[in-house]
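Right after this note come the structures.
Common to both upcoming complexes is subunit A, partnered first by subunit B, then by subunit C.
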Partner chain A sequence: MAEPAKEVPKQDDEKLSPAELKKRAKAEKQARRAAQKESTGAPPGGPPTANGAPTGEAGSNQQSKQGDQKQKGQQQKQGGQDKTQHKRSGSQAQSQVLAHRRRPSQGGAALQAAVANSNVPKEPKKENKQVELFSHLYTQRRHTVEGVSKDVHPAVLALGFQMSSYELCGSSARCVGMLLAFKEAIQAYTTPLGTSLARHMTTHFLSPQIDFLKSCRPISESMGNAIRFLKKLIVEIDPSVEETEAKAFLCEQIDIFIRDRITVTDQAIASSARTQIKPNSVVLTYANSSLVSKTLLQAHADGIPFRVIVADSRPLYEGKNLAKTLMLAGLEVEYTPLSGIAHAVKDANLVLLGAHSMLSNGRLQSRVGTASVAMHAHQADVPVIVLCESVKFTGKVALDSIVLNEVAPSEELLLPQPASEASQQSAGEDKDEESSSSKVKQLGDWRDIKNLQILNLMYDITPAEYIRMVICEYGSLPPSSVPVVHRLANEGV
Partner chain B sequence: MPSVVPGQAPSLSTFLKTLKSKDIETSIELFISLLQRRQIRNSRPCALATTQLLLRVVAGERTRDAQALITRIRNVGRRLVAAQPGEMAVGNIVRRVLGVIREVAEEDQDQSATSDTSTPTSPSQSASKATPHRPGISSTISSFSPLHHGGALPHDMHARPMSSGDITPLAQDSAEQRPQLGATSPSYAGQGPTQVTSLFGLFHTPQGASPAGTPPPGTQSPVGKPAPRQKDAAADSKLDIKAEVIDGIKELLDELEVVDSQIAESALDHIHSNEIILTHTSSQTVQKFLATAARKRKFTVVHAEAYPNDHLATHATIVNGNRKADDSDSNPSDADERWKPLTSMGITVILIPDSAVFALMSRINKVILAPHTVLANGSLIAAAGAATIARAARAHRVPVVVLSGIYKLSPVYPFDTDELIEFGDPGKVVPFEDGEFMDAVDVVNPIFDHVEADLVDLYITNLGAHAPSYLYRIVADHYRTEDVDLLAKEVV
Partner chain C sequence: MATPPAAAPRAPSSGAFDVAEAYTKLLAEDPDLTMPVAAIEALILGLANTPASTVSETLDLVSDLTARLKRSVANPISLSAGTDLFQQYLISIFQKPSAHGDFDQVRSHLVQNGRLFVERAKAARETIAGFGKHFIRDGNVVLTNGGSRVVGSLLRSAAESSNASGRGSIRFKVIYVVSGEDAEAQENIAALRERDIPVATIPPTAIAYCMDSVTQCFVGAEGVVENGGIVSRMGTYQMGMLAKATGKPFYVVSESHKFVRLYPLGQRDLGIEQNVVDFRTAKGKESEDAKEDEGVADMDGASAAGGKALSGVQEAVDYTPPDLISGIITESGVLLPSAVSEELIKIWF
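On to the complex of A and B.
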């Protein structure tokens, strides 16, 4: 009964009274119950925000509370702790251990997400650092294992942290990673007595894994589609089938899914898109898409002479990785920051873009900045072609980049302090001198500067009219055909 | 303001400091090298340095002959412009100073003409002399390169009679001095009919077009009067040409000093409460404009950081208000006016990377840009990223307002915009330590963007607010036709 709660309070057992312990265990159990109910109640086909939000919140409240305290604790230099802050010590001990992973301030986005709880210690009211327009998007990314359900498989655990730290990045890569991790998890799964795999696995086993992944970083459309596929598969398993057989079947199906919907598809798209690259043309791309990279490499391997311009932006610098890959393959590469896009477009004959997802109203959701590139290309009459597997197609629609988006921690936008110091011109020196007199602030102090907010969006929405063509494994389509293909590919209708 | 440490890399302030002590030729050489090494860059420092330098040049000149002075300034100006054609403010200031000299000379000749009836130059004669020298715009248009030739001129400048409204920095005094149009036009028609080469010009009032300070009608020179050719005319004039010119240049300096506050004065006419305003770069003009509005109204500013060339300065501006980096600390006139960051005035500032401009544009009410240079057709050169902002604004039908001092307004017509774009240090994009990458990959870092005139909705200058289509008139008011092409062979 009290099992799930035991994990956390263990560390501060001596400080918690038994009554408190019990209370807490109860609360956690309730949260878990609610989470399970929610995830069973919602239809498997529903959008993740719909079926995931309540669960996620129930879980993330817990997490963010801890994250919040951890942060506050660190900011206060562990000075003013009184008895009412008993909860902090445990998370603090952990946060110190895990501090090397990420800066503690990175949990700060949760400041508001943390529900004002009665036993949260009072302290001078912190200014809300969230941009009002995007307040619905702020979530705290999990970077630690604290508070994680014990059901989460280690492979999924590792994957989650890889996602939250961008080690694993990109819609398809994350999807494949998730499926592989699930495969491992499924193999470790045993059906409890008195229930069947089809009934138990989705709600009691898969859901905690998915919730955990969501708490690390909001999941992508491709992951949502893959999860839907998997859930459908599990539900359809005949209860009379033996467990090992069912598990083998699931693993096999996952492999087939990865192969059919991503690996082979990628090759098909790459060879189809390759024909769009004419000899001696200049191909412009933005950030790093595995599909674009594949296409360019294949075209190069086929001996087509062409040049590539890679545009890139802060803070992820994904384009640099692409440029490096292409450079090592021997392509002629030009690399420019997004500010130079107006010039890059003048030279380009073709714009190839990757996708995070294709929305049902023909719009493209992709790395923030993509819309600017597409806009310039559209105005310069350079064809914009989106390469996208059908697994990334979604039934969602969006008109602007605000409702459907992801906000990354603002701290990612801060420049590494020593580097900025060094790169600053001579004026930086007097700046330093003055900062010693605590007059000059750095951007790094942004949390202490009233009214200053930093917004780090992950995606933006490119209007459909900027997109000339979408290449998927079903062929080349206009953006208006996305919903049709989505039905065909993801909903099986 | 951090004072400049001796031994620091040369900058505007060190240049201005040494200006007094060094002889003129050394100063010119120093300025040229500073320009070439980009140690003085951006419009305002360039304009300031040029004005100060020309002040020195004029002061050091012995001659009392206006023509000699013009030749001298032209020669200096030509060297300066050639040193860094991208900094159009240099050329603009040179032209303004030339305009000052010409005006003084005309006034002077005016006076001598009234005293001595036997003026050697008749207007018609000089007019016929002057016409062949006017840059024939239609014939050179295709091969015309602004960078190589210094400037082109709007068509109507052919017709435009030389008014003396060229120096006139302060808008305030202009209001009272608006000349009566009717009073001057008869003399215009009577004296220089050969001047009117286009129908368009017929309807021009010779001097009233610029609200910016037309001198009192009494001092108005007859239309079309060229600079004095006769040396003796200048020599025995009662006016001290040099002193007048120096006064004119000082007025120019005053203008440079107050230009930001003049622009900021109109802030409340353009910003209402609860607006969301997008801007980029660390422009001082924009910050002042917003700060002026912030005293009365509450709004939100979304600030794109202008990576990779200006983001550090932008961050510093957002965090600390008055700039620490490059040019303003070297600007002594700014030393006393520290301004607070917008955040401390209760304005919410949201810092975004440039990539998020399009994503946010649907919620932006107004875009405010600061140009590097404004060109005669109403287009502008601004920090890289401005084109993206302006186009995204157009895509979302968001008005784009450009704040620019008149000194940034250049008579250059952008026939080849690529030529106007400067490319910066690729090391700012990819560190040079990344040797393999730098070797194999062509890293491109443009500093400027060209923004077409039709993407701009409004220009706010120190003279007021104008439509982009009106800018050519302001150009015509501020630059003499003869001076537009600085690199041309000796004119007049």
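On to the complex of A and C.
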């Protein structure tokens, strides 16, 4: 009778969170309606009075948190020891990560709090700060273990927080990380009595892990392909096979997948792309792709004299890492903001780009800003080459950056200065300056500024016409051949 | 040392067989033979002439012969389509489980079937003509740039057409772009005029001038590259550009054995050295020594230095990117440029 006892709290948990969500949605709707009334009814230029809402929401959040914790406490009493263990390790990982991450949003929260304190909140009113066109993309990124299913393995928990904090970034790195975490999780898995591994694992064990990872950050195409591969493997395991044997088989297959589809593939692509770098050429790249970095380093190691221009942009500044890596390897590097791209392409002979995924209409989904680099290069007749493992190919199709994308927290786009200034001022400066700064609204106060929304997209779509060549482990392809290779590599036809 | 290949089926050493010579001889003997097919035939002759008893030995031999063959010609693009195809074919038969039985049997089968392959390649031209002639309608004016056998046979077949009288039912005109002395073009022109098809010849400089009266262009190719672009005789690229600019369809006519695993990014990315742009001052060539350096690799014996400079533009090729091409007419159907890579993936994976 151990089974039902385990099931009940989990169901409870699941029931609660939708209910909570519904409540929150209702509150939001009310707030929006109130805001609409306000904006239509009130005379323009009235004092912005949105301050009440965030604190109110925070309050309710806290309440629900407390409620959750109480519930959890009860569950723990019921659930027994292994659960507390899970939780502890999870929260450890979380606190580690939070120290790195939360800065912008925390800064924002601090500012909000300061503003809320200085202005007396008048009425709870909240403007919708989500850009309507992209509203289907907004997700709350998880940074806490609150409400996480108890089945989530600690390794997966840690990985999830690494992803949500960008500590683990990049489509293939995340894919490898996920597979390694799953390997650990599979080792810790035991099949319950009365069912078989093949029937039970995918739905009852793997799904919570995947759902958790999704709640930390939307999963990438490569992860999706890897999950599909893993699920297929699990389903095809013969129920009569011993559990330990099956687990060993799965782990081995995961290792093979990582080796064949990512590690060795990366080397193959790098050495194939290397031949495109001609002596004394100038290679332009954008942001930081592990494949591009590998290619450039290999070309340099082979003694080809060439120069690199790294274009980069806010808010992640991934190009800095690439520039540093290349510089330390002894390459000649020029670092330029994305705004200087029109000039940078004039010097370039070749553009190498990494990919988040390659879509079936030959378009490239990659870090936001890539499309404009490719467009400028196309305009200047500089060949654009995309380096991409076939595990990132997808059957999906997109024409614009609206349908398939990821919206990152808007706080990331805020400039870091306001927060630090504020803290400095509060620390030592005289008071009148502080009051004046609270009067002049800055970008950091965007939640209080009417009609201002901040959109922080992660990816954009580069049209196939701008891409001269895609290099994958099957060789060099025109972008139009992406669906063929996708069928061959990911669907096993 | 002209070793008659058939006379000595098992020459003692591979040194005795000169693959390059066999290749040039084959090309000279049969004017209808294309370069990739001649290369395959030369390789098969090489295989027949050299003893090799294991799979890896055979593959080594073939890659050695291929390398020697490629070194012997200035422009190995077209030829490499054939050698790559042959190598891939070899690998695929050796991988088949049935191949493990009797190696000698596989080998002799291969050698015997070489002839068959050549016959098929020649028949492909007729099939292509069958597909291609439907692109030519009454009142059309076709622009082509001479020399290509497969375009010639396409136009001839359109001129003959299907009705019983022998005279063509399609009334079309042809504009031939002719540069210098081109025997093959002259032959094609004569053949068309014989069949009551009005033919005009223009120099390459007049293409843009004629473009408004043209309805479509047909060109041949030395090689069709992976992205669907073509490597073809010098001037094809500009014709493609002009056709695109005036919105005329630009068809490539090519056998599918000319599909080559090469992916050029631009004109200078073909992997061959062509002295087309040759800067000079009153004192002579600019950076004389540098030029010499580059030339050495592909000057093994075939062409003398003087002949090379002269043949610079005559025999040179250029690369036409796929976005200028409306369709590629092959024996397996009319393909979009993007389908070429699909076909190549099918062969290679």
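Just so we're on the same page, the second predicted complex is superposed on the first by the 351 of 493 C-alpha atoms of A that agree within 3 Å, B and C clash if a C-alpha of one lies under 4 Å from a C-alpha of the other, contacts with A are read in each partner's own complex, and residues count from 1 in each chain.
As a convention for this text, contacts are C-beta pairs under 8 Å (C-beta built on N, C-alpha and C of every residue); 3 or more make two chains touch, one makes a residue touch a chain.
Fair warning: this is a prediction, and the values are worked out from it, not measured in the lab.
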- [ ] Using the overlay on subunit A, decide if subunit B and subunit C clash or can fit next to each other.
- [x] fit
Open item on the list: According to the stated criteria, A:476 is in contact with first (subunit B), second (subunit C), both, or neither; which is it?
Closed with: second
- [ ] See if subunit A has more residues touched by subunit B or by subunit C, and give me that chain.
- [x] B
TODO: Check whether A:484 is in contact with subunit B, with subunit C, with both or with neither, and answer first, second, both or neither.
DONE: second
Task: Least C-alpha distance (whole Å) that remains between subunit C and subunit B when both complexes are overlaid - done: 17
TODO: Note which residues of subunit A are touching subunit C in the complex, please.
DONE: 276, 383, 385, 465, 468-469, 474-478, 480-481, 484-485, 488
Open item on the list: Looking at the complex, which residues from subunit C come into contact with subunit A?
Closed with: 226-228, 261, 263, 265-266, 322-323, 337-338, 341-342, 345, 348-349
TODO: Report the residues of subunit A in contact with subunit B in the complex, numbered from low to high.
DONE: 131, 133, 313-315, 320, 323-324, 327, 332-344, 346, 367-369, 371-372, 375-376, 379, 400-402, 405, 413, 415, 420, 423-431, 433-434, 440-443, 445-446, 449-457, 459-461, 463
TODO: Note which residues of subunit B are touching subunit A in the complex, please.
DONE: 2, 5, 8-9, 305-309, 312, 315-316, 318-320, 324-326, 329, 341-344, 346-360, 362-363, 383-385, 387-388, 391-392, 395, 418, 421, 428-430, 436-437, 440-446, 449-450
